[in-house]
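Structure record follows, encoded as structure tokens.
Chains here go by letter, A, B, C, D and E, matching the order in which they are written, and residues are numbered from 1 within each.
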Amino acid sequence: MSTSDAPAPPPAGLWGAFTATLKRDVTLALRRRGDVLNPLVFYALVITLFPIGISPDPERLALIAPGLLWVAALLAALLSLDTLFRGDFEDGTLEQLLLAPQPLTALVMAKVSVHWLLTGLPLSLMAPLLGAMLALPPGSYMVLALSLALGSASLSLIGAIGAALTVGLARGGALLSLLILPLYIPVLIFGTGAVQAAAMGGAGAYLAILGALLALALMLAPLAIAVSLRISING
Amino acid sequence: MSTSDAPAPPPAGLWGAFTATLKRDVTLALRRRGDVLNPLVFYALVITLFPIGISPDPERLALIAPGLLWVAALLAALLSLDTLFRGDFEDGTLEQLLLAPQPLTALVMAKVSVHWLLTGLPLSLMAPLLGAMLALPPGSYMVLALSLALGSASLSLIGAIGAALTVGLARGGALLSLLILPLYIPVLIFGTGAVQAAAMGGAGAYLAILGALLALALMLAPLAIAVSLRISING
Amino acid sequence: MWAFIHKFGSPKWFYAISARLEPWCWALAALALGVGTLWGLAVAPADYQQGESFRIIYVHVPAALLAQSIFVAMALSGLVFMVWKIKVADMAATVMAPFGAMMTFAALFSGAVWGIPTWGTWWEWDARLTSMLILLFLYLGVIALRGAFARRDSGARAASLLALVGVINIPIIKYSVEWWYTLHQSATFTLTSRPAMPASMWLPLLIMLVGFYSFFTALTLARTRSEIVKREGDKRWVRALVDKEL
Amino acid sequence: MSLRLQARELACERDDRVLFKGLDVTLDAGEILCVEGPNGSGKTTLLKILSGQLGDYTGELHYRGEPLRRCRERFLANLLYLGHSAGVKAGLTALENLAWYQALAGDAFDEAACERALEEIGLAGFEDVPVGKLSAGQARRVALARLALGYRELWILDEPFTAIDKHGVAGLERRLLAHAERGGSVVITTHHALGDMAGIRRLALGEQGHHGEAA
Amino acid sequence: MSLRLQARELACERDDRVLFKGLDVTLDAGEILCVEGPNGSGKTTLLKILSGQLGDYTGELHYRGEPLRRCRERFLANLLYLGHSAGVKAGLTALENLAWYQALAGDAFDEAACERALEEIGLAGFEDVPVGKLSAGQARRVALARLALGYRELWILDEPFTAIDKHGVAGLERRLLAHAERGGSVVITTHHALGDMAGIRRLALGEQGHHGEAA
């Protein structure tokens, strides 16, 4: 009765595993209804802190708005990264994910995609509203949203490497930020550059660079994440 | 042989339990050496992100420096709060803490003190250095450190309520910030107010108010934390 | 004494009493809102500075005041629930929170719409605006916290505690925000230094206020009643009641 | 007075499923009560209620004749509860963990006593290893070492034999009997057969909600 | 070819303590291998090495005659590993958890099969309850339902009986035997007595590092 030689799983199987993992993570997030809103609320709250801490003067705010909007979005994305693999690690499903007869890079990409869909994308859609509150010139709203959407995808990918490396450590949160914040800096520079340039109408080049960064991250990060996970689980 | 009527523990016992909990948490934090440095590194990184994201112009930076220094310290303290009770919850020691024949408020205060000692205090000691990088006028360094030390103690106390309320929830992190950031705003206002006023030499009133806020927090928070923990464990 | 409080708080008793009160509240709300709207929109004179746009005041001010009152009411219900374990108080708090958040949002939104013709911008980091925004966050926090717990009782107690902590902080927040604002810059526009209103303007405002508050009362009673049916659905008296109504 | 723990008319339901109803539990000095039942029958729930951790029940709880709510402090001073999760910190050594529990009970730190407790429970030589580097069963033993550390008259143990090897189980059974002989009382749940122990009372839960066999 | 899993000269040390040395393990089709030993003797470590999760050893591992490193993909497709932690998500229902495992194995979602597996394992009626609301043993059963879901020739089970009640254990034992009869192979650790099962091989670890008795 023994199935003497099980064949490698068919390609349809990989796609099925990818979508099932995607669906699973979305279900989990949506089931705790608040969770989807949380990064958004955090974003809005941090943006509120700055005028209170710095100055309510619209002119002064407009000057620092692109930087504030980007740094706060980056922090919101960062904050939600810590839990990307942690839950799975703690209940043992990460162990099982590594034991699945599917390429780990693909499964990991499903998890990262969900993170971007539920954090980066909503953040970039919400940013123009907060931009208006910070007296950002109206012409740059579109560029703000676009640059954040592109940039946050890179952030999710890069951040996932850090999350994977620290998942086995008890208090990964702060160490994680230490590891990946430096890697975020190029994204931050070109992101704020795009928004600042938008006022003068020349954001195209910056957006192109953000796109190139994303392409690079898409190529390299999945493998790095997979390797990091194997290292963490082994320890 | 049965000890027919065990007396209530002597007051010396309470003090012993308090110091033992304090010592335990400090040991745990110091043992993962990186942990103590993490909020500091996060603070330094966030402060360096802003000149990158906004503008390296010292004059402009000096204007926003008090606000930035305070907001970043607040975020650093916030990030480290999520783990305040979480570790204990997950390995079951929180359950045992609640079953100890000692007043829970005292034990909880031990934990909050450690949080402040290892986050708030080092942050306030480090702030003047970062202030110098942001071209803060030299006269206000002392006030910056003092206001942060006083304010971060309130932040630890208030934040612990939120941490206690969310400890049983799977992804507490972001919810936690929604719960407590609004409550942080008075501390932020008087803190930045103190630093701004320091340049003109009139920070005393602000520091007094920060002290009053701390006194209020010291009176009300321990009970609220204890009640919150009981709620969380029950659910 | 305790027996009385518990009888007072028993769902069955509350259900019966509120059934009698509710129609009156609805009637008062309809009357005041109807009269106030007509008077405010059609009869009252246009403002000599702001023209017709000032009529937003008839929504804006009641919503803003109600938003703050509801938070206090919610916190008080929470206290009653925590101390005396009266479930009805928690049910009331449960239904108040979303409505309070809606009123806060309504005040913010109407203020923003009003700001465009009067201030030329829809948002300004003014003391009142900022503290209203923070109030919205507080509401959202209470709602999210309640929803985050799997067990209803834990969620209820957590939300009550947070509402209590929040209500202690509201005056502190308000006071500090106002102080902050006066410190940083002189106000470009102040809400308080408006021209004194003629009676033909504030009378309808008062009527609208009465309308908003009775609407809130009626709505809370109604939704608490349906919450009772939902939560106590397996009790005999509720089933008897539902059977009778069918 | 000697009736240590008494529960009358206990009832608890979770998500509309009645776990138990009209349950009377009495526990005397020198008694061992073993709560039995299939998975999901409410053993853990009952133990949490009896130890005052879960408020979600109806009925009355008395400790030494007084309502539990009114003598909570004294009750806790005499209670030792071990739950499904071990309650030891992975970052601390076995000895440090015990020292903390000792302080929590209000006692002064007594290193010799802690070491003796660890040795009795079979962890000699592992006193200074962080618990995170111990095996599942060894970590569990650190928690069990509390049984040998100072005297508490009432033990409430939720599956204490989890991950413990055969020798360990035998040793623990002897320990339970010794505690009872000394006048202590024990409430315990376990899926191990406790057959050879004389004089234990059994309380069966959830006869109706019986599970099918797991295969 | 029929020699399924073969380990030669395995050695592993942790923190300078040698757990095992020169260990030879062979596992054939239709065999059940029970790894025994006191707490901390290295059972979990061995199982993790055999399932390719731990690289921290010396020696050679072969699957169907090939070095494990070279046929990892095929090995994993035929392996079912259950560790100390159950590997089920508390936020998902039992059914959703199984569906994910089915997809992870590369199979199409088959609701009927999942429900049958849950029923066989004694969770009928709990299919749509989030696992977080199940008892310890019920949550564990959700993980065990994977044994009844699709055929994998090699099972590696680390204390699968944890928190399972007596009926459940008996059912599981029958399931193991049935698997072996069908030509499957099992590596298992447990502190339960597996005495009445015929034809299982035993591998004893850690005779030297024997623990004292836990009392």
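One rule holds in what follows: a residue touches a chain if its C-beta (ideal position, glycine included) is under 8 Å from a C-beta of that chain, and two chains touch if they have at least 3 such contacts.
This is a predicted model, so every value here is computed, not measured.
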Minimal path length between chain A and chain D through chains that touch?
-> 2
Remotest chain, chain D as reference, centres from CA atoms | C
B-C or A-E, whichever has more C-beta pairs in contact = A-E
How would you label the chain A and chain B contact, same or different, if same means the shared numbers make up over half of all numbers there?
-> same
If you average the CA atoms of chain B and of chain D, how many Å lie between those two points?
-> 35
Report, in whole Å, the distance between the mean C-alpha point of chain A and the mean C-alpha point of chain B.
-> 27
Multi-partner residues in chain E (2 or more other chains touched) are 84, 90-91, 130, 133
Considering chain B alone, which of its residues make contact with at least two other chains?
-> 32, 87, 90, 169-170, 175, 178, 181-182, 185, 189, 234
In chain C, the residues touching two or more other chains are 134, 137, 140, 144, 148, 150-151, 153, 177, 180
Footprint of chain A on chain C - complex, ascending | 121-126, 130, 133-134, 137, 140, 144, 147-148, 177, 180-181, 184-185
Which of the residues in chain B end up touching chain D in this complex?
-> 1-3, 6, 8-10, 12-14, 16-17, 19-21, 24, 27-28, 31-32, 87-88, 90-93, 95-102, 107, 233-234
The chain A residues in contact with chain C across the complex are 32-34, 37-38, 41, 44-45, 48, 51-52, 55-58, 61, 132-133, 135
Contact footprint of chain B on chain D as seen in their complex = 29, 51, 53-56, 73-74, 76-79, 81, 83-92, 96, 99-109, 130, 151, 153, 182-184
Chain A residues touching chain B - in the complex, by the definition given at the top = 32, 34-35, 38-39, 41-42, 45-46, 49-50, 52-55, 60, 63-64, 66-68, 70-71, 74-75, 79-80, 82-83, 87, 90, 169-171, 173-175, 177-178, 181-182, 185, 188-189, 192
